[in-house]
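In structure tokens below, several structures.
You will see chain A twice below: alongside chain B first, and alongside chain C after that.
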Partner chain A sequence: MDEEEAYAHVRNTLKEERMMPFSTSEMEVVRSVGQCINCGTCLNHCPVTRAVGVERFTGPRGIAVELSRSPPEYWSSTDRIYLCTGCGTCREVCPKNVDIPNVVNLMRRRIFSQRPDLVPQSLHQQNEILRKHNLAFVPWDDPDEKAESRNMRLERLDLPFIKDKIRKGAEVLFYPGCQAEERAQEVREAAKIILERFNVDYTLVEKMTCCSLPAILVGDMEKSIELSTILKKQIDDLGVKKIVTTCAGCTSNLNEIAARNNWEIPVYHILEFLVEDIGVHEVSKALSPMDDHTVRVTVHDPCHLIRHTSRRVLEYAHRLLNAIPDVEVVESSAHDLCCGGGGLVGRHSPDVSRVIVKENIRAIKETSAERIVTPCPLCTAQIEESLFRDGSDIEVDDLTVFIAQSFEGG
Partner chain B sequence: MTEFDVIVIGGGSTGTAVARDCAMRGLKTLLLERDDIASATVGTCAGMISSGFKYYHEPDIMDLCSHEVVHLKHIARHIVAKLPILFPLMDLSEISSGGKGMEEYEKRVQERGVPPVLILTPEASREIEPSLHPELIASGYVEEFFIDPFRLCVLQAKDAEQHGATIRTYCEVTAIDIRNGAVHTVTYFNRMTGTLETVEAKVVISATGPWASEIARLAGISLELRLNKGAHVILDRRVTNVGISTRAVDGRWVYLFPHENTTLIGTTALDTWDNPDELVTSQDEIEYLLRSFEFVVPSVREARIIRTMEGVRPMAPVWKVPEGEVTRGYEIIDHGQDGVSGFYSFIGGKLVMCRHMAEAVTDIVCERLGVTGSCETHIKPLPGMSEEVDVLMLAEKYGVPSHALERLKARRGSELVEILEMTREHPEWTNMVCICEPVMDAEIRYAIRTEYPQTLNDLRRRVRLGTGPCQATFCTFKAASIMAEELGLTGSQTHSEIVDYLSERWKGKRPPLRGAALAQEEIVNGIYACVGNLEQTVIDYEPKPWEEIR
Partner chain C sequence: MDADYDIVVIGGGLAGLTAGISAAQMNANTLVVRKGEGATSLSSGALDIAGYLRGGETPFLTPEEGVAALAHVYPFHPYSVLESIPSLGLKEIVSWLKDILAGSPSAMIGSHDTTTMALTILGTKKPTCLVQRTMHTTRLDNTDETLLFAGIKGLADFNPSTASKALMESVIAGETGPHKIVHTLLECSPFRQPSNISPVELARYIETEDGLDRIIKELQHCTEQTGTTLIALPPILGLVNPIEIKKRIEEETGTEIFELLSFPPSVPGYRLQRSLEASLKKAGGTLLVGHEAVSFKKQEGKIIDITLKSPRRTFNTHPKSVILATGKFVGGGLAGNRTGLRETVFDLPVLDGTRQSVQDVRPSHLTRVVPLHKEGHPLFECGIGFDTRFRPIDVKGDIFASNLFAAGSVLCGYNYPVEKSGLGVALVTGRICGVHAAENVTGGN
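Then we have the complex of A and B:
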């Protein structure tokens, strides 16, 4: 048997024994699990475990232990691995920096490639949309209807419409992400208003494509690489120097991909861009009181910003909010708690999502805030729906929209 | 006085296999084990049912090993797994040195359904195992089989029991009486009741591994063995994708095998005259193993050592040669030659041969007792081996996490259905007692009711309680309370159980304690001393009967 046949034989044995060797980068994630000292801190902080109990969701430690098991057996965690919202709380509280969110992605990837039959149908459906449209949502059939929906949203928020700009050689790419592109269009529009206001040299992409995070969460490695490649090509074609986005998930995912593949293009959430590139002082000059009275707001911190990017982003959020006249920020006791919408859990097990968000809703209602703002369209949707179900009259805004609304002269 | 055809001394792999064979051939059989089933030598092995690759200078032994692998796969497929093993080569000279071994190995691969020794390029080797040294020039590749040694012994004992044998654990043989040049009675000290009991026997078989000399002495016989200590270092979790074998610092072969959710590195080989009950892995042994693997897996030292374990090879008394050159075959000593007929001792042997050893001695016993009937231990399966089990369907049906059931299946095969049935009446028994494995309440009760454990440590061998990454940090209290309920223990007895078990785990944890393991140990200490309040608990600790005697 020559070396090639030998290798083919070995690969076949591994397949028969259902063993998938870890690559070097995967091994790094796995090694981080080896640091676990079983202190149980993650279990006490996991929002999913707290919401549904340890019997239904064994929690981060349980997931880590399962991963480190005999390789063929990770498939059997399918009844739990899709309940992880990927909030990253476990990694944040872990004294040994065990990288559980990436462990979860790694396991989902392995299940998708070896036992696709065990991936929940809802995630396959999500993936079909990604495969068909390169977007996380089914796009509007009729562009006129899409424009009409956008206009209605702008009208309700009393925001002007600015035409899209696609310009090669612009300095900044504004990348709205699928949610703001296809659903929460007001966020996309608000960002354009902000960028125009500060005379930023920006462009949109020619054809909006997904950042690849949903494909990673489904476990479809191939699709996720394809999507990030398409986006990178658009970025190269446009020749931009920076990427600005309004979505927490896009921010963290693009940061990770850019770092891993040496893009050498910084990725900012628009809050970071406003504070670091424009400056709070400059921004504050554009702001005016929103209403005839003091508006009391509370902030929800998206996991993809505070735990997957940096807690500093939310410090920026507070600095910007404090710069708006007559806005008073009150703190919710659950401001940095996962809203339950991440990790595609909302899609796969909405019942779990709804239990998780109860804690956020309880805490929001305990504040005296009349409005809650958050710099992520996904969190916005999750909290808005939950408050509505709860019969609360607290209003919900994406923070980008809220800032655009507070510009002097509308 | 009860009379038995055969008394087997020793509840390891050989003793349980002998009891099974004797019982299956209709002999009235008693197995006496001074501790628990699989509590000594076999419990410290790597579980490899070796093809005998290392022993190419003994072709008969290779034949024997290879046939036995086939038999064990046939009778215990549910606890046998295949492991790919790489032999990374750092140097051309290493390729030329393996010729004879490869030739002998290749003659026997077909019956086991594995390939001959394959040679992989460095790229392919690193694709499969990225942790290998980047400068390797090639690697050899073989496939070997592994068995769960604890389950094998317990299943053999249970099967023996189902065929009419009596299994008595915690019964230490203290006297063998001889009448008219033949064995007559065996007296044992029942550690659980603290009483001496005597039974009559036509034949006594000592399957006591390194304690064979001690047992022979009870019959006034001097039996020489060459005892050789072997230590393993156990790493937290699986640090490699596949098994790796390489030459150690002194040229011996050593291995690193991912095993369950740990990794085993072994072994050392030191001739020993110490009491086999009191061996401890030395710092030199730990360093010998780590240093040997650093040549081919440079990152091995980054992994966390969770414990060490050590056992003794009961080898034939062949002297003046290195351990590796002593025969791996076994011998049945007929003490008729020493003036005690009906008394037989095993020396030598390997895990993979246990069934064969049993067959050979049972043939002798049957001839002696005039019993006809042939051996069927290689034909009839062990308990739990039946058709495929649908884990997902059962998980749904009984409301148990599928991963827990997959693990349960890996330990017990089709027995898992009986365990799940227990939860029909007691849905609360689906609670997880150990999250590392995981192990649920019902399995612990099942083990207590049908597999004669007397201590928490025995439960560890039945269900892998406390063997995972946390090394009995979270499961002990929960398991102890179930045990108390099932066996009717008092509060104080339950506390002693916990203390005993923690001390037993501590024995293996202490020698390699360093780095991150120290942090974890502090947590364990905190949990038991502060949260569990064990430090403040007054336990009337009654020394165990054997502790008073010693």
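Then we have the complex of A and C:
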């Protein structure tokens, strides 16, 4: 019996007692909470506390202090655990790096399994979609309509269409994630254009399935394990050596799963792949001016890249942008603030999500940028919608699309 | 993918940032890396240099005098190194910092030759050297002022009634101070609820038109009734432009206002941390947040490699000089368990204030029974040993690596809570290390 099976066994025997033991990786998270010194540094930075106040969201300190002062067996407080976006800001500023985002996931897991009635309805609805389709969104009914939507997007962006490739034994798996598969199809297409351009030996998956992050956020452990298992089987069948994605959430989630389960297959965001495997110099040879004038852009840093993966990924973004002729990057004072789109908060408390993103919008408008780019289709959607609601005419682009657009000869 | 820098500074508190800014100003390609925030952002935001001798009750007349006294009485004190570096005296270092912070939200007032007695939210006074402009007042010693302690309903940290009582008692006991002291609780909650407000919430609220209007109206009402001329507020005057906010409120109320020294979570500590980070960037240095120095390689007496780790990535740097500024127990530079104390990055020997090893001493044996003891707890004097260039020493007393320097509270030999020397030692040692490390890289100039 390996460790995971042993854990599943113990968990089953305790099910009737309504107890859920901690797995080995969860124990690490639990221990980090014990380090909390109640200093409140996290409170100064949590985007949700900033938006709605301590009274509505006690914030990371509330979660850490209450939890660190009672044995884990007694953690009952669901204290608005569903308002946490999982941005990781608290963990990054905390002197003790208390792992609040994972504490929140761990608690959501227990609530889902012990008291599903306390899980917000909207999260159950999200989960139904996952259970039914193995995707975060209801997929297109008609493949022709999906293709038509894709073509319209490509036409608007003046990007060519490249046929999908599914090839066993390819070097690289390009994994687009649900958002780019079902909604922002231009991101998926742009990545293919980039990979083709540099003659990368890549493949797509036979059948797109979710990376499991939404299931983790809902707290449905069974479903999340099932989804990552399905994906792993596809990866094994294809025999790829590395995975490249265009989504910040997929990058950090797949990295976490790969590390935990010893996949021994590295997972990169496409920005990392471009800088580390292709090289900025090589990429810059393919780039040409975007427009007949200098394009001023500002960048939004996705939490799942900077705080869950590494801040260096966004350094890479800047290196690539600087390599595009006639692109000038201006910094927004809120470039690394959470946009409120994570943790499924936008699903069940859209009001909170909308207040959080206000700060980003204010700062973006303060720059002289005519475009904002971000290396994640989910952040792109959240910011695009908010800017639109705000009546702003600043254009929003996924960074992968922006790079593909700046290739010489279209 | 590896990255190359001339200088890698491990730790992004006052010591690390001061070192990083100094090195970057000397054109060294500098990286400051921090895994979290440390004691600097928890501090009151007032920079203490030297307040007392351990056990003493009379504050030093000037920080300069204090530094000399501490160096004299405790030969292993970090300040004792200052004597051997005439080019980097206390005066130069203090005015350097003031220049660095000028125009920032935490612009500082004070000088190396004046001890400032700053008022705390407890109504007591504490000797310090530099205070942020928003915390500055010269009118506290005027007997004919009417001082108002203005608290905020729902902000539990500050009880204006106890503070005014404490200050009144000291005035009655003969200290100079305003003869009329009043107090009030303002209603000014950002989310309309009168409880559970954090200082930073208020600071953000005051930065909105709505918040500023409300606090002004409340204060106007109160000052008219009491004839207030001077107002003491908890430190909440904004994160980004506190100085303008102070001016606005002063104009509208016809009084002078200042912030009190307070506990964490601290708004002035936040401002100080952010202002220093901005200065590093301005000087041409790089700040890498969310990465921890996890291991190193040493060859022929030099550190040749530092490994940095974020949640999901690891990479190496090959610096020419390294500065260790990882702080103490809050910052994470020192860690203790039942068996003893250890330094967390290089596993350097941990020594007490008299340079005896405490490697195997249970930390609880380094504290006194009384929590607030005049002499302080020996635990706070523990840290790593250093030579006159702030290079850490190994178990045998030799230099651990010729290109490794250490600054700030990771060092042994001083007791900041009782000496009131915390940010001061971080500043002085950080500045000296930054300059030394840069000289080491450029071959001296």
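Simple rule for what comes next: the second predicted complex is superposed on the first by the 372 of 410 C-alpha atoms of A that agree within 3 Å, B and C clash if a C-alpha of one lies under 4 Å from a C-alpha of the other, contacts with A are read in each partner's own complex, and residues count from 1 in each chain.
Going forward, a residue touches a chain if its C-beta (ideal position, glycine included) is under 8 Å from a C-beta of that chain, and two chains touch if they have at least 3 such contacts.
Since this is a predicted model, take the numbers as computed values, not measurements.
Engineer: If you stack the two complexes on chain A, which partner ends up touching A:166: first (chain B), second (chain C), both, or neither?
Structural biologist: A:166: touches no partner chain.
Engineer: Just checking: does A:138 make contact with chain B only, chain C only, both, or neither of them? Give me first, second, both or neither.
Structural biologist: The answer is neither, since A:138 touches no partner chain.
Engineer: Chain B or chain C: which reaches more residues on chain A?
Structural biologist: Between chain B and chain C, the winner on chain A residue contacts is B.
Engineer: Thinking of the overlay built on chain A, is A:152 touched by chain B (first), by chain C (second), by both, or by neither?
Structural biologist: neither
Engineer: Let me test your reading of the model: by the given contact rule, A:307 touches which partner, first (chain B), second (chain C), both or neither?
Structural biologist: In the superposed model, A:307 contacts chain C only, not chain B.
Engineer: Considering only the touch criterion stated at the top, classify A:55 as touching first (chain B), second (chain C), both, or neither.
Structural biologist: In the superposition, A:55 contacts both chain B and chain C.
Engineer: Contacts for A:92 in the overlay, against chain B (first) and chain C (second): which applies, first, second, both or neither?
Structural biologist: So A:92 only meets chain C here.
Engineer: Kindly classify A:256 by the partners it touches after superposition: chain B alone (first), chain C alone (second), both, or neither?
Structural biologist: second
Engineer: Under the stated touch criterion, which partner chain does A:39 make contact with: chain B (first), chain C (second), both, or neither?
Structural biologist: Both: A:39 reaches chain B and chain C.
Engineer: By the touch definition at the top of the document, which applies to A:275: first (chain B), second (chain C), both, or neither?
Structural biologist: second
Engineer: Across the two complexes, find the residues of chain A that touch chain B and also touch chain C.
Structural biologist: The overlap between the chain B and chain C interfaces on chain A comprises residues 37, 39-40, 54-55, 95-96.
Engineer: Looking at the complex, which residues from chain C come into contact with chain A?
Structural biologist: That would be residues 1, 3, 35-39, 41-42, 190-191, 193, 195-198, 200-201, 204, 264-265, 267, 270, 288-292, 310-313, 315, 330-332 of chain C.
Engineer: For the complex, give me every residue of chain A touching chain B.
Structural biologist: These residues of chain A touch chain B: 1, 3, 6-7, 9-10, 13-14, 17, 19, 21-24, 27, 30-31, 33-40, 54-55, 58, 61-62, 65-66, 68-71, 73, 76-80, 95-96, 118.
Engineer: Chain A touches which residues of chain B in the complex?
Structural biologist: 81-82, 84, 115-116, 118-121, 124, 127-131, 141, 143, 236-239, 241-242, 258, 260-261, 299, 302-304, 391-392, 395, 401-403, 405-407, 410, 430-432, 435-436, 438, 468-470, 473-474, 516, 519-520, 523
Engineer: Touching residues of chain A toward chain C in the complex: what are they?
Structural biologist: Its residues touching chain C are 37, 39-41, 43-44, 49-50, 52-56, 88, 92-97, 252, 255-256, 259, 275-276, 306-313.
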